[in-house]
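Each in structure tokens, the structures are laid out below.
Below are two complexes that have subunit A in common, paired first with subunit B and then with subunit C.
The block that comes next holds the complex of A and B.
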């Protein structure tokens, strides 16, 4: 108990200066070792010809892998899908999430139940999500075809995931389903932080529901929506596991996206040099988008 | 009835019904999977899934022939290990961020935020090479390490937010009474944010349990987590949807139940930062 009285004042303050670093050291060292070092290694591998089944072959090729990628037709197809995929999934999730959050913020008897259940897709393993949607899309016995046939919306069963024209759209629907609860929960938290008195004052002044939404609700949740979109961009960029299980990128290259292409190159072809180059290119593109997004939204908010 | 109070009928039309529709969309696929899993495999394709004649045949077959129990154990070891590594490394780090002002604090905090910004594909290739060199492929340790890349920054982030909610005056009071810093942390701060720590731990458990790509790449014959096992099922029992959906339900159940248990606390911790910032 008397540690403090034994140590001179200087030593105590020195301890105070060192202590925060000492407490951080384990976490920092471990993340350096398992995150930053491997990332640098990816960059290093991308500058080499490195195919795993030729173990001693690690030749410096400079930017050749990157040049090859830019001349690779599949790279451009994957890039196009990545853009389509991110530009449809995120707005769809945001819109559906916003509607859900607004509904969940209303007063109705079973609100607690709805709030608890809405989040379930978020907690499911992506493999299970892929499994159940493959079953839903099944061309012979899937409920999607059954439902649409009975409604008379389609004349014959459509092999949703096997048809190159519908495969990407089907996967986008699945990813939207998986991700919109996240937006709903984030936006709901934003809605709850808007003081009720704002609305009371507005309705005394005779503002319509629409004007209240436009002038109070939207500004009140814009910060949360910004953060949620940012987190989601990064998350969607990572979530190629659902695609991998559902279609493996096929049929043909119909559902290839850049991260998936990098993964497949490394996993199936064991071409780690080329795979790393695509991963690095994708990361750079994503960072450009994120920085651009942050600048634009930062301006819009301030 | 007051002029501005909307009637019940209107509320049902504008709130209850749309909400119910969204919930059907949200839960429908999950329920459909569940109904399929308790349907008799032999009548599945003639009559379609139904609640009548419910059977647990698919589940018993799952554990008897496919050996799902081992996969569950593997997942449990990996997820549990990740929770221990993630929490133990981040408690002191979070305390340091929450209580001290020091040089480089911003940069270090930023570093932990930035980690989550990088796409997973950038990490998965070098981790495979690294584990191969270290001879750790197909071990639990490899998967625990891989999952920790996400778990450590996440739990630091969460725990800083929980610890900031506990007044500094409490640990100062403890130190005036003769505690050292570490004792103040252990005896005052940790017990107070225990609920937050548990929620964080459970969340790490869920994400590691659900993780698939690392498990596929770094695992193998000895260590096969439940997610990889479910995916293998899809390949092996292509059209036996009763069995497949049973596998899906079993794989998702632990995470779903845990999640429903802690979701309130977890969501408040997650959204706090976003709402304030």
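The block that comes next holds the complex of A and C.
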């Protein structure tokens, strides 16, 4: 009898051990196939001279592509723009998202409608956003120039996207507008998880609104903010669709970022070896930033 | 016979019928800007005349046409036939992506009906024929006769006259201190190399493959830079302006001259009526240069049924069909008979095209041409226009590209 009663138990315990692996396997296999395999392939291609229109020419060149990239003026221009792009877009999105979330957390009529509307920029496809902003910035018919001219803030229409001094900033503004709802929604969720009783206790103790924000709200949403910044950092760093549609990286190299440069080299010039080397270099740089960020903010949050 | 057996027989018959009607399929890629795309009508006419062949025609957006074509060839998913331009031929031949058509061409009746010399002009870099011409254009100068008349100007025939005319046309028409009309709509984005080439490659001894860094070669690029930076005769958005922008600005009266071809003539007339005309581009540096805008079709070497693909492309370059095709693209037919009965464009634009033909040229038959068109020219031109580099540096980079 004992023999019979033990078998299902053993089976159940074996099942408990195997089940998680069995359920995870499909997801892991898919990730391996569509993420890790292309990653390895990219790393492998970066060590070869591989120009697509010479399909039979796949020559091992070792680190030559990397050396060429480090000696390439455009690589450094693109890296500089990538740093400017990330260091301004993400804080701007975070700040705007935080203010929006705080406003949306207040009680006011039509609050659900406002919450739904705020998500629109995030929900629109990048290409639509890019084309829309190209028109806004247009130097002949764009609403941005029209508005500024009528307000008397500028004397001449400014070619926002055709002037190297304003092109990158204009695209950063577009991307800030596109990405801030993500922060707003994430932070709003974090705000709603803070118990109301904390605020009540603080106000009984005489804490000002600013003190309440600094000592209750900010610690309460710091975990969410950290995750949101990490996710955005990776997304913003890798996104080039808006730039590609708005300026194609121009005028000249004024809006080239590293992912865009890798894309142009690989897809337009068909130089997959060199394009892959730039992509690998950028991945390594991004990994350093992400690890550093996680170490610093992880400590702060805990 | 039971009901089951009957249904079985009926299904088998239906299946056979289905198979018989789709013996072979030709996947065809093309690019049309025109929304009134007559491709369905052409496909239907072809399928009726050639039972057993189905054509799947796909309109690919122009901006990424060649990116998509090259990657499809490499990825093993290339179409069976495609619309192609000369600048892409050396690269496609190098990739082994094209099927030679010499044998078919020799036995095709329609070959004699094509415009003289077109087959010769579209020969491959290895002497074989891969391309079958389907339409052509020649770039010329669009101008606003009403504005010229108002200011007492005549159409410029040399670069010097062009510069003075453009300066005179650039003006503030309503007195608000803003420039309302610019002399020339320059295309600084991809595809604008033809504008630059008109001002640069006309000079004696200057071409993309030689003499570009000579004094005369650099003077051409300097001329373009001066027009923008010193004279301010291009709209400020010129470094980023593409096809849509230059045509849109001309139609809206923001520019008084630009360079394009007959493909945009009907749209221009629709917007401006008699206030638009055309003339050959000015002579610069002692010589004329304008672009011969070619378009052909080709059978790809990976085609499942090359014979069927060949039938389809010859259909497009045959009398009558070629007219229908060009009515959609607004370009000119390659079939002599169709040209003779051509009434689609007002005569003044056809005349400007014909007058420009004697000095129209194509880009070099080199693998570097695709990079020149897609990245090297636009990036370096934009850098010159925005003062990032000197004209001599731009010309040196282009010369280096073609020397590789």
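The working rule: the second predicted complex is superposed on the first by the 275 of 302 C-alpha atoms of A that agree within 3 Å, B and C clash if a C-alpha of one lies under 4 Å from a C-alpha of the other, contacts with A are read in each partner's own complex, and residues count from 1 in each chain.
Just so it is clear, a contact is a pair of C-beta atoms (placed from the backbone, for glycine too) under 8 Å apart; a residue touches a chain by one contact, two chains touch by 3 or more.
None of the values given here were measured: they were computed from a predicted structure.
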Tell me the contact category for A:125 with respect to subunit B and subunit C: first, second, both or neither. first
Taking the superposition as given, does A:250 touch the first partner, subunit B, the second, subunit C, both, or neither? second
Is A:210 in contact with subunit B, with subunit C, with both, or with neither (first, second, both, neither)? neither
Of subunit C and subunit B, partner touching more subunit A residues: B
Check whether A:268 is in contact with subunit B, with subunit C, with both or with neither, and answer first, second, both or neither. second
Between subunit B (first) and subunit C (second), which does A:104 come into contact with in this model arrangement: first, second, both, or neither? first
Touching A:161 in the superposition: subunit B (first), subunit C (second), both, neither? second
Determine, under the contact definition given at the top, whether A:60 touches first (subunit B), second (subunit C), both, or neither. neither
Residues of subunit A at both interfaces, subunit B in one complex, subunit C in the other: 138, 140-141, 267
Along subunit C, where are the residues that touch subunit A in the complex? 67, 70-71, 74, 91-92, 94-96, 177-178, 188-190, 235-241, 249, 252, 254, 367, 371, 374-375, 378-380, 382-383, 385-386, 388-389
Residue numbers on subunit A that touch subunit B, as the complex places them: 1-4, 16-17, 19-21, 23-24, 26-28, 30-31, 34-35, 38-39, 41-42, 45, 96, 99-100, 103-104, 106-108, 114, 116-128, 130-136, 138, 140-141, 143, 146, 177, 181, 185-186, 189-190, 193, 203, 223-224, 227-228, 234, 237-238, 240-241, 244-245, 259, 262-263, 266-267, 272, 275-276, 279-280, 282-283, 286-287, 290
Touching residues (chain side subunit B, partner subunit A) in the complex: 4, 11, 15-16, 18-19, 22-23, 25-27, 29-30, 32-33, 36, 44-45, 48, 89-90, 92-93, 95-97, 99-100, 102, 105, 108, 111-112, 115-130, 145-146, 148-149, 152-153, 156, 178, 180-181, 206, 209-213, 217, 226-228, 230-231, 234, 241, 244-245, 247-248, 251-252, 255-256, 258-260, 263, 267-268, 270-271, 274-275, 277
Touch list for subunit A against partner subunit C, complex: 52-55, 138-141, 149, 155-159, 161-164, 247-254, 264, 267-270
